[in-house]
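Next up is a structure, given as structure tokens.
When the chains are written out, they are named A, B, C, D, E and F in that same order, and each has its own residue count from 1.
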Amino acid sequence: MNEDAMRRFPVPDYEDLPEDLRDRIDEETEEAGFTPNVFSAFAYKPSHFRAFFAYHDALVSDTPLAREEVEMIVVAVSGANDCLYCVVGHGALCRIYAGAPKLADQLATNHRQADVSDHHMAMLDFAVTLTESPEAVTDEDVQRLRDAGFSPEEVWDIASVAAFFNLSNRMATVADMRPNDEFYAMGRSD
Amino acid sequence: MNEDAMRRFPVPDYEDLPEDLRDRIDEETEEAGFTPNVFSAFAYKPSHFRAFFAYHDALVSDTPLAREEVEMIVVAVSGANDCLYCVVGHGALCRIYAGAPKLADQLATNHRQADVSDHHMAMLDFAVTLTESPEAVTDEDVQRLRDAGFSPEEVWDIASVAAFFNLSNRMATVADMRPNDEFYAMGRSD
Amino acid sequence: MNEDAMRRFPVPDYEDLPEDLRDRIDEETEEAGFTPNVFSAFAYKPSHFRAFFAYHDALVSDTPLAREEVEMIVVAVSGANDCLYCVVGHGALCRIYAGAPKLADQLATNHRQADVSDHHMAMLDFAVTLTESPEAVTDEDVQRLRDAGFSPEEVWDIASVAAFFNLSNRMATVADMRPNDEFYAMGRSD
Amino acid sequence: MNEDAMRRFPVPDYEDLPEDLRDRIDEETEEAGFTPNVFSAFAYKPSHFRAFFAYHDALVSDTPLAREEVEMIVVAVSGANDCLYCVVGHGALCRIYAGAPKLADQLATNHRQADVSDHHMAMLDFAVTLTESPEAVTDEDVQRLRDAGFSPEEVWDIASVAAFFNLSNRMATVADMRPNDEFYAMGRSD
Amino acid sequence: MNEDAMRRFPVPDYEDLPEDLRDRIDEETEEAGFTPNVFSAFAYKPSHFRAFFAYHDALVSDTPLAREEVEMIVVAVSGANDCLYCVVGHGALCRIYAGAPKLADQLATNHRQADVSDHHMAMLDFAVTLTESPEAVTDEDVQRLRDAGFSPEEVWDIASVAAFFNLSNRMATVADMRPNDEFYAMGRSD
Amino acid sequence: MNEDAMRRFPVPDYEDLPEDLRDRIDEETEEAGFTPNVFSAFAYKPSHFRAFFAYHDALVSDTPLAREEVEMIVVAVSGANDCLYCVVGHGALCRIYAGAPKLADQLATNHRQADVSDHHMAMLDFAVTLTESPEAVTDEDVQRLRDAGFSPEEVWDIASVAAFFNLSNRMATVADMRPNDEFYAMGRSD
């Protein structure tokens, strides 16, 4: 694991980790070809590692949202929160899942200028509003999502992804997690 | 379970829930004397129920922070995010765990005016800054916590509690979760 | 009078006050069963004491607004300004005048989630907008109040209450006025 | 009285006003050579007229602050709140009392660029902070004023003037009070 | 040239300037009767002097907008950016070109309260939005300008003037450019 | 030239452009291997095309700042203003001039987390503050740049680059200029 995975807390040694963490890290490393630094960073506190990735897994596996939709939300929210790790790491996933090499840079910079459908723009508007002004979300905001064709469960899930990355963005920034070099370039060719 | 636990999504019937959810809800109901509405609300989506409470449990059970410190952070963060359910629900817990009937109202309104030690004021300043301006957290902010006597693990945990309630606050507001009547008055006498 | 009525200016001795201030303080003390700290605090400067309470008295005595409506506005405005004294002190009055034990906590946290009629929500939206963005109040905002059924005089009075507590909140925060212990718990049972 | 003194409420007829209001208006008219529109506007509600000007009179007559200092605070606060009536009306007073034809435009635009002493800059910084972020005023802000040479009573009075114009600015903007033509040009020559 | 034209950079000697700068300065001085300080200030760096005034000249000479419309935009934008030099300097030009002695103070303080037509209010709303929230400008904002009767080229030019003064305001504030005394009073009589 | 260079104004035909614009476009196209869309977009109004690029050229050719420093400022400022065209287009230039494939994504997302020296961090802090809060730039901000080793002329130039891109960002967003596909990927390998 990368010692420079984050800069404000020490990264533990792989050998010292509980077996279930090592298994998950092995699996991710095999799949990605490298260990994404968020795994090395959260290993600092195994109980949080387990909780964080379990929540993440629920969000991406038990949802009518397509995976590319989830990643679009993540990148727009992380851009609004100015979170380096999540913009770069999930920017790579967004490019890959959406098969759209330019999409992540558009979403991270200003989702209003992104090449997305009206359906997806409504989803992103909602996620960014919930990020920037949670106190001001009203029935009208929820209704706008429903009018754009999202089911109640999809509304819940869009909110959940946005909310979870309001957690993730804050942890990544506090710890100064560093995106792996690989993430910057992944998925940039058609 | 209270049908009015939240106003923007339907509350499921207790009988229709998976057994592990019913068990957890029974346990909470027995302990509190009523079912806190956040359990009824998250039951809308069992996979999220499990992930949400597992993360919460890790935060309060595996930490050098005292439970009253955790609740102080929760109330200050939820006040900054204007989240009704969390201010009222965790306000009750804060009063009870801290044995301080006035503390929650102070923290929810303006943590700067709360009757807390300098040590705790540093903790709350950090949590509120992370909530309101996550992008601007710097080495100096982290150092200020260390100077106030918090260990690295405590810094991580303070950040984690603040981050998690940035998730919770957004879900509670989107769903318009309603605090149980009991929470408003609990812990208000010395 | 409580020496700790405020923390950034000295509280004068009751015996040293002009007679009209002592009379007013006696009256308030008899009515409330204790001396609300705002009276002890403003006694620091008798000419301001007189002006402050005369304005306050005009607002609550010469208006078609019900007293509970006045207190609802006060709590929502004071919540928006994060003012401890006014949220707690007028929270008590709001609970009592409205006969609604939960209302003040809802208004102070997020008026958008409060259990109020559409008529009162329009009133509160206006008061909070005037508090947070006075420069942006337009004909449309005023018209919305008229459409919600408020007379021109009521519009003036809603604005006046909101404006006056933008004064009060600032004085209470600068002086670090402390809510009396009694206020925290008053009016919390049905 | 000018029918166009304000645009969102009707201006009453002078003849219909209570005698004490007519007396005050006569006095002001004689002194200024015209009736400042704020008097015509507040006459809409006589009880508020009395309270408003009584508070104002206390602020300018019972204070160790020089009148020009009071007007400097008023203009900086009103500029921060984008209030047309108060910037123009009190801009005139500021120019006259300070004998400084350029000062009001500087204060209304950006007090940081105004030609004032360090002593007065501290006073203005405090007044503008209290206007824009009342919740964030701390012991340090008050201490900075004390270090700049202001007595405790002067601190109270600086805060009181700033607080009162946070009331005035909101009333003037809600009512769309119009500055008299005379105010725009008064005091502009040395 | 005025040595006090700006306070954070040295003002060069007229004699040391390249001939084209001297010519332009002579011309402006002859026209205005004094050397506007922005010319003395930008002479600090001749290549920027040339570029800055060339852009400015293009904006005012090649446009279907009336010169008074250009100056109205400049004053509203500069007011939003709290820029002393531009509010005072262009305030004078605005008064003169529009033949409206009160207009500049209204626009600099709060364009929403200015005595302008609906057509011009739409123009000013757009310019101020572009100044304060450039990222949030959408098709609807542009359409509103078109609906208010502005041609596509006028939309481009309104945006260009607003954008250019977002440059100017920042240079003037960084350099602490001082408005010439003459500007404060120019154009104030009908 | 790309018809889709911008979406809110028509892109003119190359053949219809004045000769000096065609020459400049030819030159840029030869150098880059494609026509950067900002040239096609500004060709909408030739007088502005000339002024815009003349200012730009002065900024990059007459300065002690290294070109990579200029591009670092541009990307940080454009990220703060959420400007798609400038983040992507100048992100490419930043990567190339700095020989740093990851730098632009870091600067655009959150300059505080970028891999830059303290010297450059001071430069970027200044540029972003000037972008977000121009009214609040003070002597201390300028002194901090001087303390970080920047000469007065470099301070002027840092401010000028930041100011100019506050113009550019607004024009690019209003016109909805689209980054050329090439920019997204350029300079991403070491």
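Please note the rule applied: a contact is a pair of C-beta atoms (placed from the backbone, for glycine too) under 8 Å apart; a residue touches a chain by one contact, two chains touch by 3 or more.
On a predicted model such as this, the values are computed, not experimentally measured, just so you know.
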item: Co-neighbours of chain E and chain B - touch as defined; value: A, C, D, F
item: Angle, in degrees to the nearest 5, of the Cα rotation that carries chain C onto chain E; value: 120
item: Centroid distance [mean C-alpha coordinates] between chain E and chain A, Å; value: 44
item: Length of the line joining the C-alpha centres of chain C and chain D, rounded to whole Å; value: 23
item: Multi-chain contact residues (two or more partners), chain F; value: 82-83, 110, 135, 173
item: Chain-level touch network, classified as line, ring, star, complete or other; value: other
item: Interface residues, chain E side, partner chain D - complex; value: 79, 82-84, 87-88, 91, 101-102, 105-106, 108-110, 113, 173, 176, 179, 181, 184-185, 188-189
item: Interfacial residue positions of chain F with respect to chain B in the complex; value: 110, 112
item: Of chain B, residues touching chain A in the complex; value: 8-10, 44-45, 47-48, 50-52, 54-55, 57-59, 61-62, 81-83, 130-131, 134-135, 137, 139, 142, 152-153, 155-157, 159-160, 162-164, 166-171, 173-175
item: Chain C contact footprint on chain A (complex, rising order); value: 135-136, 138
